[in-house]
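Shown below is the structure under consideration.
The first chain written gets the first letter, and so on, giving A, B, C, D, E, F, G and H; residue counts start at 1 in each chain.
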């Protein structure tokens, strides 16, 4: 069974990217995590991407902030699907990273989630892996059910208590 | 073998979304295309999404402009991976659609490509389908090779002719 | 007499949306409040919108952040007037929600107030209901009078005390 | 039966604002139209707004570009519901008008549609008037039906012809 | 000798607008200050503007946030020069107010300073009043001299101490 | 009687800046016009600004696009009031110039009009000069009257002809 | 004597990047030009950058649009100074490229010029090479002189002809 | 051996600009630092720039926020390469400064780093000086090696500890 390959440029990205690993753990989806930088360790990043399939990776999640070249550079060295997570950095609330990741040139695709959207990146990766994994598909369906149930519970609580005492 | 399900809200989206169908044809990847609107035909859209897996769809490409609710609404009714294509509409160069599609709430993933990025959406879909399709993987590799070759050719032409006579 | 139907996607929206319920209470305008998500409970949201008129709702206030599909999805399932409240979420100060809510495609209207503008949404709803309710119209006029009086009082205080000691 | 009062600051706004009058004509909803400027004829605008209810106006549509003070100024002189239409002017694709209209201070509501969204403003006005007008409600329902039918027709044509020959 | 008329929409604007009154006090330039709202007390604001010249006002400073109609409304009721101060409100760092104030329609001028730029508004007003007031001109020149001297002192301190110990 | 000093960085700014000279001619306000660049002829620009008062200039209008340093540089060399006109250049619809001109540091004021707002800059200059010139004040009042009359005429034409035949 | 190495991702960038080559030709500064893509020919780009110094390149100019990873990727493989030129692509007027290029992570520098600013990139490169090339320094000084002379000529023409007949 | 000339408009810029001086110290690159303002001490700034080469400066780093004219003004008075550092000021996260610095008119180059990017400005300056300084080139190479080593260490630690215990 395939796994998710998570890559980020710096250990300062860990707190946000844990949103992805926690979601994958919850969905019992195997993954590997690495720190490698598009700009500080470009050869290492190229090797990571080129070797990903051989290591059993089927989907890549790449988190990056600011200039955010990492997802695109990874997508340049592999044909595996790459999901980019734009991270907030020191300015512009992540808009710089969002544009860098989304606006890839025609021919080299990266699929982008929202700013700091590591959890959704994991869910997108799981939806992809679930194409070949009935059990994962069921876990995804369960998760959706739990999400819906949580909304319903909150609504019931609101009907009980009203806005003021919620 | 799975196919790509393409959905868009209006026939005015066809000229851009042809970037996706032409790419898929080139990669010999089967697809279906539909027009259905998140706001004008919401039940039809919900049915389309709920029935997608049964119709053999494995990856969804949803193109939408402006308020651009379509990709998210589709993702709400299925667990298949959804790729959103933000389309330029009458203002803001597609920024409205880009934010609507990318900034999905945690729990319901949509993966977004660049503005008018239908071609890259098709490539992302093909990368996903290629996880189970060695032949498609080869066609993707060929396509990458052709892209690289085209860059090299252009460079050679530039070396020959120089900037002025290119 | 008609009431206002308030809907929001998450209980985290309550603190802002209380601006609407408090204003409606002040104007003695009846309302109902629900939590229902465009993406996590899409069928429930569709039912909520389709049944609103029957429940006596005449105006809908829908609060949503980020991708903010809720107001548009509600407007797709009813012909009641829908007022959207774009909420600040984790990035862009609510610009993502503002664009998602305001930039609806021609044919399906949503009227948008400012970011976190729940109080103004309530006032807009009351202006609509007051078309058939002389008493509410008087309460609205009183409220306007109080607002003006408060500005005058502040100005008098300023004339008394000056800028430094205000 | 109440009517819609349409106001705009300049005759250069007519081409866009016709989107509202054509929609209202289609829905057989009576309306009046005036040119009056928040900045060039402020007293006239104040009088227009103060006398609107007496003239039988129940909903106001105010179109304005750039600094776009008109909708807010009108809302300051009446308790009728005001719908603002941000118009594209000479820069920023209407973002200036969108922010001016949407970001009203708490206490004085204006409900904003999308940039150049005159048609949706008319539909929002009709949804409001339909609260007291069963016939209008039916015409709105018909219009919704026609919209949906048009989407279905386009989809059928697409299934027939395919993307290339559409 | 003429004075500066300062107007703001709310007492919450006082902390920023004190930047103007303190600067005017320093320059020994007379001023009056009022709270009056374009939207909550529109008639009062119109009267304030219409009577300004008679009260001896020669330059107007109008501070406003968000929708920020105040400077333009004031300029609509007087031919005195109006300087607008866009104030940060609850979103967008003052960009909404900056666009509302700067993007006035041709024919009704407002001159805008930077976000929260009350001090510069006062200096601009003083530059205008100094056209007829040799003494004020000298005080302005002194102020400029002090500014330059302060920069030189800081530079000398930096040369002495270096970056680390500054 | 004082005059307006107009300065711009390039002859490509003439078409827009003519909005200022035409308005001043209409108001019979004397002016001088110069081309001088903050970056290409910095000494000349400094001299122009330092000598302005001596040449009889009382108000300065400085038009600039993109980086748009000219108004601020001029304001650094004189205590005359400076009105900046942000011009559209090759990108961003003039937002770059608007921010450069408006966001001056505390202590050195520039008052900014809207993008390409040369006409309003002239009116602002005339409002300033009119503080000492009763005749100009009357011409300004006449101009305001004509503006209002033009709006009224357009409105009457609209009442006559309706939207379709306007 | 060192030369400038110009790199761009596509032959569609040639029309803008000619602004750089023409400027370098005028300054008699040697250069080489190549097409190589960060995403389509990543190894070739890495080799180009790694071999630049050996080929005699002393300054690099990298032009890129949209996601615009090229300048940063080049800077990752060399210690030569890299100047990035953000190019307008299919959306956002080059803001995407500007942010991608400017917002490099600490540790890997790229210096960015304005959107489509190829000419200024060439001048910046020449200023760098002129540190070791007295003759080039003189040509740069001449160029500055010509620029200033051109502004003066335009000003004289304006003084002669006035605004209308310029 | 040449040195770096650092200039900033205010002592409030020191905390960010220390990122440059610390980096230069680490690279054993000589520098001078000055405070001088484009708007408050324009003559002093012009003199600083004109005398820079004579003082042995070979590269200039100019930090400025908001209107951020300093780098451009300096570039107008010298032919040395100027690197601009846009600083965050009181609004817009530094976007105002970024645009002011990057969008220089053709003919007068400034190379811009990211918002608050003083460290990268120093590295860019060092890359320039290293063209004539083999030792500096080696120190730059060492620094790159250390950066890469630090990424590798972090990655090893992550492989050891996992995301949760990192």
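Everything below uses one rule, namely that a contact is a pair of C-beta atoms (placed from the backbone, for glycine too) under 8 Å apart; a residue touches a chain by one contact, two chains touch by 3 or more.
These numbers come from a predicted model, not from an experiment.
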Listed chain pair A-B, B-C or B-G that repeats interface G-H [over half of contact pairs the same by residue number]: A-B
Averaged-CA centre spacing for the pair subunit H and subunit E, given as whole angstrom: 34
CA centroid of subunit A to CA centroid of subunit D, Å: 41
Subunit B: positions in contact with at least two other chains: 9-10, 37, 40, 66-67, 91-93, 95, 102-104, 107-108, 114-115, 144, 147
Listing of all chain pairs that touch each other, if any do: A-B, A-C, A-G, A-H, B-C, B-D, B-G, C-D, C-E, D-E, D-F, E-F, E-H, F-G, F-H, G-H
Subunit E contact footprint on subunit C (complex, rising order): 88, 93-95, 114-116, 144, 147-148, 150-152, 154-155, 157-159, 162-164, 166
Footprint of subunit E on subunit F - complex, ascending: 2, 19, 58, 79-83, 98, 102-104, 106-115, 117, 119-121, 123-124, 127-128, 130-132, 137, 140-141, 144, 147
Interface residues, subunit A side, partner subunit H - complex: 9-11, 14, 17-18, 21, 33-37, 40-41, 44, 66-67, 90-93
Sites on subunit A touched by subunit G in the complex: 9-10, 37-40, 42-43, 46, 65-69, 72-73, 75-77, 89, 91-92, 95-96, 99-105, 107-108
